[in-house]
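Same chain, two partners: chain A is paired with chain B first, then with chain C.
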Partner chain A sequence: MSSPIKFLAQKHRKQTAIIAVIGSIYVLSSWILNFDNFSGFTAVPKAFNWLGVNFFPTAESVELLPRIWQKLIETVALAVSSTVVAAIIALFVAILGSKATGINNYVHVVVRGIASFFRNIPLVAWAMILLFSFKQSDFTGFLALLLMTVGYLIRAFMEIIEDEASETMMALKATGASYFQVIFQAVLPQIMPSLISWVLYMIENNVRDATLVGILTGTGIGFIFDLYFKSFRFDAVGMTILAIIIVVITLEVLSNQIRKVIL
Partner chain B sequence: MLEVKHLTKSYQKDKPALTDISFSVEPGNFLAIIGPSGAGKTTILRSLNQLIKDDDGQILLDGSDIRSDNKSQLRKHRRQIGMVFQNYNLVERLTVIENVLHGRLGYKSTFAGMFGIYSEDEKREALDLLDKVGLKDFALQRCSELSGGQKQRVGIARSLIQHPKVILCDEPIASLDPASSHTVMHLLKKLTVEFNIICVANLHQINLAKKYADRIVGIRQGKLVFDEESDMLSEEILETLYDQTISKELK
Partner chain C sequence: MITRGDIQNISGYKKPQPPEKKIKLRKFNWSRVMIYLVMIILIAITGYTLTHLDTANVKIGEAMHGLVMTLNQIFLQPKAGSDGVMPLLSALGISLLLAIMTTVIGAVIGFLFAVIASRNLTNAYFGAIIRVIMAVIRAIPTIVWVLIFSIVCGLGTNAAILGLSFHSIAYLTKAYSESIEEIDETTIEALKVTGSKFWVIVFQAIWPTIIASLVSWTFIRLEINFANAIAVGAAAGAGGIGYQLFVASGMSFDFHEVGFIVYLIIGVTVLLEFIAVKLRQMYTTK
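Let's look at the complex of A and B:
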């Protein structure tokens, strides 16, 4: 074993090395992409200026609001339903797979692997794959969001159970409580706040992602965004973006309020 | 009577955590287990209700060996053994009385237990026990709102409602301030006598062990180095236990 001083010096060197590596990766990738850093930065204000002029909602685009609103509600509903269903599935799987409540270590490793698989396939790839089977429909979007969200939530829930419920579980086990009693009386009440907090976070995320998926599946707000964009109705596109932003921010404020109450 | 005979356990090969531990305790007696960190105190306590599977030996509660239990026998044994934890291990989001009632789970059908359906008698007893530990007015408070000392008393009430023959306490006062420590120790001692139960507590504070325990067992590197009436505990013994002079602690 090395001495503490040596260890700290090594740690310091490691950190420096990591920063150097990240820096070189940035330089290298800029070079590969032919990305001129300086003109890249100066182009940003210009781009925003162009956006501001062309995408500014006009009186005409305000008339489109009811339609935009209806599609937006569809999209929010898609995000909420897929997240809630994903959360229920993920909770079951996480209980079976976590180190604290699970069947055994073999199952734990398999569940982690499956969760990682679902999580690491990009959402767009999920949507495109599912388009083959389910065509352009709300269900395709629902399924794509569901699968990705299940991947995220299984992992999050397993960690929450292991971190927050292990000790109380042990106490109830010691009283002679059975497995299901322990799950219902100790694990679920103990993890509920963190669980809800994660579900709210995934809903916020999925509203944004559902927009993207909608472009591919031809549904919801993504569909009319795409429609207006391709027909050069930039003012209407601006209106749509504005509406999305308002809804996303509202949801964020709302879920923060809920968090404050439950935590 | 609780009898531990030749208890042996190693977590890793060739690294024994417990070697040939034997002691016994009669009802109405308070036994303190002392010894340095890593000596094996927690391992002993958790073996007593088989939260840890030990390797060899016997653990006899009124003559029947817990170690040879099948699942349902173990459940019946466990409900006769209460446990009190350093970090209380309550369900913080639930109310005080719900946490106390958890001590009844071992007696309930799976369904009634899952959904927390308790009889009137059980609820009344929970309130009586809360009165006993000095928390009469806290029944409907959330546990997260209590102080450490109050949480520990909820933990004690939870173990008492099991109608235990034994209460195991793993460092019950290690997270408490001195005043709460005395309250909790005093309570444990009083209840041990009142309900004629066996109390086994891992303790760091030697002065408190001497004050409240009837007998003290010393563990060092997984071996039992003494087993004495608490008045007999001398400085020399403590020196061999901790490898240093701690005469200050004795006062």
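Let's look at the complex of A and C:
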């Protein structure tokens, strides 16, 4: 009879312990980081009040719209192109490196290591390193996004190939198909929907990251944002943010619709 | 004489005709059309962008040579440089704490919002409003949030914490509510029949069912937040290892130190990934 009571007591204790651990992590970090909880959270409504007053686009900032729009389109194009190029590279590498289609296990381990390496170097580091050699240009932003995306996509594609294509591959191999026939007739058609879905996801992500890269390397929408922000033209900043919101949400809705059709 | 033709005539047997058309190997479907369409559009955009890219007249060969030299300094000769090892380690700790703290805030508040926003738990209108607000918050990049908050509470960790938390809340609300919506309706109905209150259903039925995906989403966000904490430090001067990285690479051009910092960061992210994988295994085998 005592077992349910014991079980509940144990569960209760476990829950309390977890809550205590999370709470103490929070308190400890806010103490170390000097985070003033009270003024921190009262800053949120203040920030929004301030936003409502100062960020409201005025007639002047509406005139800037064409320029903002052009930079934004440039940024989206940059995000798309870096993702597509990264996807093409990643697909080759993933086919060579995955357990199902790869050359051998050594290559698999090496490819995984390289992918993890590229993925884990922060975007900031890529942007700053490339800025030093390639100067302030769109090409720098393109390369920074490309290198980062390659790391993510290699891992994703390898996992997709291993998860989704193994069985079809086996079936085709049994009929005596050659390696390239297997790749082009079984693996690629099988993984295409998931592959496109990942590419779309990375494009969304890269549009957001392109803003960060833009602030650091002085290109695209990030540059415009930084420029207005640092010269205190907050109505123009508000306009820029509004434009970013519209574009990002449009992309998200669009890629969700595409995903619904292809998956 | 009975010929072959006679037999065929009598028995009504006809030689099998080869099918006129080839066997269709592929059925027409919209999915395939969509895939080709998306591919063509994406490649067209890429082609256009790459041929019209502004390269600021940098000679690629020279730049590549410079890049190789820099990479050599970064990855083969990392040194702590003028800042010393201890300050860099403490900066790394601050970035990591920033990531952990904002993930905790994001997870707690995000879970509450996710419960309210899920279609199978609350009324549709309320959920829809929250989902739209969260989508808007998510659309604004983290760095922009930090800069917005820095106007009100000044540049520094306060702005970084608020900015990172905001984006985390919106991200985790979406992730959690998607996991909640995948729950089998019968589990919730079974508890409703017993007359359980709303929060009892949440913590006795929903919480245990989705705990695995909750943990894995939270950890994914922790990894993202660590990367964001670095980015915020660099681009908004909010402190931590990101700021050191920015100073070393953009002001003092000490690429040996950049290398050291990059290795520190890679160490932490690999550790986080390792913990995430282990945790996921723990919850999925249970």
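One rule holds for everything that comes next: the second predicted complex is superposed on the first by the 236 of 263 C-alpha atoms of A that agree within 3 Å, B and C clash if a C-alpha of one lies under 4 Å from a C-alpha of the other, contacts with A are read in each partner's own complex, and residues count from 1 in each chain.
As a convention for this text, a contact is a pair of C-beta atoms (placed from the backbone, for glycine too) under 8 Å apart; a residue touches a chain by one contact, two chains touch by 3 or more.
Everything numeric here is computed off the predicted structure, so don't read it as measured data.
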I'd like to know which partner A:Met192 touches here: chain B for first, chain C for second, both or neither.
both
Compare chain B and chain C by how many residues of chain A each one touches, and report the one with more.
C
Regarding the shared-chain residue A:Ile245, is it in contact with chain B (first), chain C (second), both, or neither?
second
Which partner does A:Ala174 contact after superposing on A: first (chain B), second (chain C), both, neither?
first
Chain B versus chain C as contact partner of A:Val62, first or second or both or neither
neither
Where does A:Ile18 make contact in the superposed view: on chain B (first), on chain C (second), on both, or on neither?
neither
According to the stated criteria, A:Phe184 is in contact with first (chain B), second (chain C), both, or neither; which is it?
first
Touch test for A:Ile215: chain B only (first), chain C only (second), both, or neither?
second
Which holds for A:Val109: it touches chain B only (first), chain C only (second), both, or neither?
neither
Can you give me the overlap between the chain B contact set and the chain C contact set on chain A?
192-193
Chain A - residues contacting chain B, complex
167-168, 170-178, 180-181, 183-186, 189-190, 192-193
What residues of chain A sit close enough to touch chain C in their complex?
22, 25-26, 29-30, 32-36, 39-40, 43-44, 46-47, 50-51, 77-78, 80-81, 84-85, 116-117, 120-125, 128-139, 142, 192-193, 196, 199-200, 208-209, 211-212, 215-216, 219, 225, 229, 241, 244-245, 248-249, 252, 258, 261-263
Spell out the residues on chain C that touch chain A in their complex, using ranges where they run on.
30-31, 34-35, 38-39, 42-43, 45-46, 48-50, 53-56, 58, 63-64, 66-67, 70-71, 74, 94, 97-98, 100-101, 104-105, 108, 135-136, 138-144, 147-149, 151-153, 157-158, 161-162, 227, 230-231, 234-235, 242, 245-246, 249-250, 253, 255, 258, 261-262, 265-266, 269-270, 273
Partner chain A, residues of chain B touching it in the complex:
49, 51, 75-79, 81-83, 85, 87, 89-94, 102-103, 105-108, 110, 113-116, 155, 158-159, 162, 168
